[in-house]
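For reference, the structure I am asking about is given below.
Residue numbering begins at 1 within each chain, and the chains themselves are lettered A, B, C and D in the order written.
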Amino acid sequence: MSLTMNRNDVLLLIGFTIVVFAAPFIFTPIGAGYPDLLQKFAIFGIFALGFNILFGLTGYLSFGHAAFLGVGSYTAVWSFKLLSMNPLPAIFFAILLGGLFSAVIGYISLRRSGIYFSILTLAFAQMCYNLAYSVLTPITNGETGLQLDQSDPRILDTAAGIDYGAALPVSNFFGIDMNSTVETTLFGQTLQFNSGYYFCAVLLILCFFISMRIFRSPFGLMLRAVKSNQNRMSYTGLNTKPYALAAFIISGMYAGLAGGLMAVTDPLAGAERMQWTASGEVVLMTILGGAGTLLGPVIGAGVIKYFENIFSSFNEGILMQAYSFLPETLQHALVSISSLFVGEGWHLTLGALFMLIVIFLPGGLMEGFRRIRTGISRLMGGGKSGKASDRASAAAE
Amino acid sequence: MSKLYVNRRGLLKGTAAAGVGLAAPTIFTSRAWSAEYMNEPTGDTVTLGFNVPQTGAYADEGADELRAYQLAVEHLNGEGDGGMLSTFSSKELKGEGVNGKKVAFVTGDTQTKSDAARASAKRMIEKDGAVMITGGSSSGVAIAVQGLCQEAGVIFMAGLTHSNDTTGKDKRANGFRHFFNTEMTGAALAPVLKNNFGSDRKAYHLTADYTWGWSQEGSIKKYTEELGWETVAAVRTPLGAGDFSQYITPVLNSGADVLVLNHYGRDMVNSLTQAVQFGLRDKEVNGKKFAIVVPLFSRLMAQGAGDAIKGIFGSTNWHWSLQDEGSKAFVKSFGQKYGFPPSQAAHTCYCQTILYADACQRAGSFRPSAVGAALEGFSFDGLGNGPTEYRAADHQCFKDVLVVKGKENPSSNYDLLEVVEITPRAQVEYPAELLGGELGPYNDGA
Amino acid sequence: MDEILLQILNGLDKGGAYALIALGLTIIFGTLGVVNFAHGALFMLGAFCAVAVKAFLGMEKVTLDPTQTTAWGTPMEIRQPYMEAWFGEFGRLVVDFSVPFSVLVAVPVMLIVGIAMERGLIRFFYKRPHADQILVTFGLAIVLQEIIKSFFGANPIPQPAPEAAQGMIDFGIALGFDAGNVVYPAWRLIYFLFSLAVIGGVFAFLQLTTFGMVVRAGMADRETVGLLGIDIDRRFTVVFGIAAVVAGLAGAMYTPILSPDYHMGMDFLVLSFVVVVVGGMGSLPGAVLAGFLLGILQSFASMNEVKDIFPGIDQIIIYLIAVVILLVRPRGLLGRKGVMEH
Amino acid sequence: MSILSVKNVNKNFGGLKALNNVNLTVDAGTVHAIIGPNGAGKSTLLNCFIGRLEPDTGTVTFDGTSLLGIEPHEINQIGVSRVFQTPEIFGELSLVDNVMIPAFAKRDGIFTLNAWRQIKTETAIRDKAMVMLEDVGLAAKAGDIAGQLSRGDKRRLELAMCLVQDPKLLLLDEPTAGMARADTNNTIDLMKTIAQRGVTMVVIEHDMHVVFSLADKISVLAQGTVIVEDMPENIKGNPKVQEAYLGGAHL
């Protein structure tokens, strides 16, 4: 299989796999190595990867993908409640339902294009959200969110004779609890290896691989053609609608999977997951990282989740410590300036970051990396020639 | 298959499945073995997690909660004037930290969203090693975080959450609530409403269309109908509707003479302002003066509603104008530090921190089950609400409930409510079974 | 009947606000081709113009009264508004009329904000993909609202209407209803009339002035107008300013109805996009029509009689209408072909 | 043997009669030019062949199949390709991708979910595309982004995209419009080569030099009607044609 892949793609996939598996090592020093945030990185990475297949390739800007995420979550929690605490049926049904919902919503919304399409998807998602919050409470448990209960039937588990006792059950992959963590200390850093994260990580890598295959497939080329020129496409004998719809459904299934994984790592499904702000978040992740690039959306998802979870946690006490090496007046001045941007001000940083990136890096963070890489290679090239001339002059002596 | 119950810090202690896990390579030293319960503090500090809304509609309420937490931590560590520690009936805390450890804290932003609140709480538990999580400004978030703390094996001391479900249908062994609930509001408010408006009234409810709203509507209906009131209609309004005019105009000619606004936060600010704008406060119906009731009041909402609040009845957990020693000490200590009096949210958060610390001290441990046992059935006084008891059956505090009214001539921007009546605790008590739910066993996380 | 009449009034009132916000948004769409996610923030800024004016006019002289102490032991502050101290009853009246006054302030302030935004940021994004425009304007919206939050806090700030406009107007009598049956708050009627006036003003400006003619031509075909040697960019700057003013006015006058807070722009953002799209991208009459239509239908959907038949219909009515209209009319009510379709 | 036959086609826009009872027969393997003054209805007629416009009355039959009432992509799939007045290409994609897309369309039909196949292994398609690029003289730029090409090169690319599908009928709408003389001559040569392969072509053209160097047969359209249909050598002297051109408001 890998024989048909570019060498660069193979390297990218291997590198990606290594980073994902070594995440606790890599992210602990920047304070992001704890299980929940790593899980969020992986889950929203999947969500953004899928969204990118629709938006990055076909150019259709959906503002309603959070609906499929929410559907995936609800489905997974119901699967836990009714069938089994095993995540496999949960994510299977989450993908299925995500796909079904996206097929229906996509089929209708894709009758329009441009902003009209965006508003249609937004409208559907908002309807899902509003109904889930209020009228559909028997299914969604409304504001509180759908939770597990000791008294849930769990037919398959009961049939298999698994008893969770009086405590709330935990999702459990053939004996591995999704919330179990092994903790070790290495070079003074406490590293946490969480089974739920590695479950997500494997799926993230799989999703990344699938996304890569799609990008490099004739189908992916057709999706790019949809974005580029629909007129030419139809006069070339291709029906644009099923291509766009297929991309929509695939991305809906990714979203369903992401939603299912949210429930696997944390068995609660709330309506606000479907709100337009959540749909907007994945749009921002994708654009921030670089729409249409393979890796960009995953990076964008990571950056936004990092800001949300880490920047929001800095309070004055932490800042005072961070600047404690400075003279006291300077320390206070810096703390009061910095605290505008962290803690309750983390939104400000995020907003400013959006603006800076889109102004200076039109292609998102991936473009930044590309520029750095060319810069470095130019520098390296310059360095090499410098060395060569050194050697030449040395030889001349 | 044998029972598998593996926790975060616990290595896989199942049966054959253990081999599948992530065995630690030998170069690592694992500290997982030593912990007896989740995040057992090993150094000379104990970390508490303050999870409050810092962005979104409740950011100001969250900011006030955070102020109270910081004050509580100061007092626990022996800084400042000690606040309510000196009036608290339990004298275990001496301002020397808790169990010989200094109290440290971490903060997080709930965004008033269940997902964000859980993510933030998880960070504090998994990364920062918090042994207790507290805070919040809505019931959805409280229930979500309470569930998380139960799963993770830490104590949750709820902040501002008024829904019955928090200590009813969705109660958890690891969760405790000091704040009152809709059931108590109904029981406390109804007699006052009867005294002021009589027993022959027709009520029209506007209810925020989510669980807390329904719970509030149910309680008020139940208790007012017992008094002989008639409920003309109960209309559900979408959360965050902004303009409520389309829900208010039907009230005008409905024959109702009381409007009950089961709204909180911005919804309440808007619906009340607009109801007053439509002349409902000054209207006469059935030969009686029209009345508006807002079951759950807070000072921040009163500030948002401005003049519209004048003369409106409601209930609240605590108010800074109370004259008992505990309240006076707390207001003094808070006011001197921040320059204005604390809100009820600040008060409940302060109390929860002190109560938790005291329970740890009495238990001599931070182990959730031990702390819980120390809190269960604990009777205390001197924290501003009179004699109070943490009921063992549902982990709900029972205390007097304040019925308040919007002041006609406020002397400052903080002096917006006046206490009309202090409904005694006996009157608001209900059997724990009434609200259903199961505490389940404590989870120590190991 | 009176019930329906009242709901129509509610709808017109709401529709006035929707139409005003959508009007500015669609002008920006139509002329500049920019998806402006910061438009809600402009509405919010307008509302905070009113807050700032009231805060300014209501500035208080603070004296400490050592004879009285607060509950926390500091001397009691005695506050008296300067306006009242200096001008007595007249000063009080000025403070009372702060919301209408704020309109006078909002016009220049919002014009400057709009022009600064266009010159400093938006103009670099005319040729960029819509996705980039969304990201940058969304980022700007967050920054603007966080700045407002750091000054004014997150809590809603009450902005009462002038006392003279706080009462109810009983015009049911004129229509043959019993007294007290069809009454409506004076300020809401004022808001409705105000929105009509602003909408009328914008239309008159675009229809009757040469400037407006060029702008309309630019909306129809930007390149051609550019070829005629008209500096369309300069005019588009002003257009952006005007759109900001319209949004700002809508916000400033709306404050007595909806106490402003820093987040109100985001709440109106989605709605205003729906209104614009339902009306048809780039169509000014479409935006106004859709604003009023959605306002009125939303009011009707909230009636108990309707909700009894379709529970929860008021939660989704706006979106439902949007879906139905877009499926029946591909480009909204009055949209033109090819605008914002790619 | 006729491959395209147009019978009694009428098309009104509002009150304007754009096509008035047009009849036209294109023989297989020939180059058929349609000329006429501006506004004569040439482009309207072409649009009726490819599903962009639906005539009010009349029939358009290609190889025994009606072209009316079916989607543009279906028309292409039965063997009709079209070159547009302004080249319609995939501006963001590379040249070779541009040509591979129609090649895939030819092989796989209007829609295939071939998401698991890899382009890299589609050597047959790639080779075919490269040959086509070679034919139109763009092989050296195969990896370039199409949107950055000159107008002449875009036209060549578009031709390659059409030819890679081995169309039975190729419709060209002013293929040399806006081109420099040298470019025009190159294009004429290219089209001659295509014609030699036996591809039937319908060309709309203003440039008489192009028309007379290529066409086997010419139809003259004026005010929505075919006034003459004849061999090129008979067209030049035809008084009707002269009147249509000289008597019209344009040129």
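Observations on the model:
Definition applied: contacts are C-beta pairs under 8 Å (C-beta built on N, C-alpha and C of every residue); 3 or more make two chains touch, one makes a residue touch a chain.
Keep in mind it's a predicted model, so treat the numbers as computed, not measured.
In terms of the distance between Cα centroids, subunit D is separated most widely from B.
Every chain gets a centre from its CA atoms, and the centre nearest the mean of all protein CA atoms is that of A.
Centres computed as Cα averages put subunit A at a distance of 46 Å from subunit D. Put simply, the C-alpha centre of subunit A and that of subunit B have 33 angstrom between them.
The distance from the centre of subunit B to the centre of subunit C, each centre being the mean of the chain's C-alpha atoms, comes to 35 Å.
Counting partner chains per residue, subunit C shows two or more touched chains at residues 312, 315. Each of residues 59, 63, 209, 236, 238 in subunit B touches at least two other chains.
With touch defined as above, residues shared between interfaces to two or more other chains in subunit A number as follows: 130, 133-135, 347. Of all the residues in subunit B, the ones that touch subunit A in their complex are 1, 3-12, 14-17, 20-25, 27-32, 54-55, 59, 62-63, 66, 105-109, 113-116, 118-120, 122-124, 126-128, 139-140, 143-144, 147-148, 150-152, 165, 170, 209-212, 236, 238-239, 438, 440-441, 443.
On the subunit B side of its complex with subunit C, the touching residues are 56-61, 63, 209, 233, 235-238, 240, 242-243, 245-247, 249-250, 252-253, 266, 269-270, 273-274, 277-279, 300, 303-308, 320-321, 328, 331-336, 339, 341, 412.
The residues of subunit C lying in touch with subunit A in their complex are 35, 121, 124, 128, 130-132, 134-136, 138-143, 145-147, 150, 266, 270, 273-274, 277, 281, 311-312, 315-316, 318-320, 322-323, 326-327, 330-332, 340-342. Contact residues on subunit C toward subunit B in their complex (touch as defined above): 2-3, 6-7, 9-11, 13-14, 17, 70-74, 77, 79, 149, 153-158, 160-161, 166-168, 181, 183, 185, 187-188, 256-259, 261, 263-264, 267, 298-299, 302-304, 307, 312, 314-315. Residues 55, 59, 61, 108, 111-116, 119-120, 122-124, 126-127, 130-131, 133-135, 276-277, 280, 283-284, 287-288, 291, 340, 345, 347-348, 350-355, 357-359, 362 of subunit A are the ones touching subunit C in the complex.
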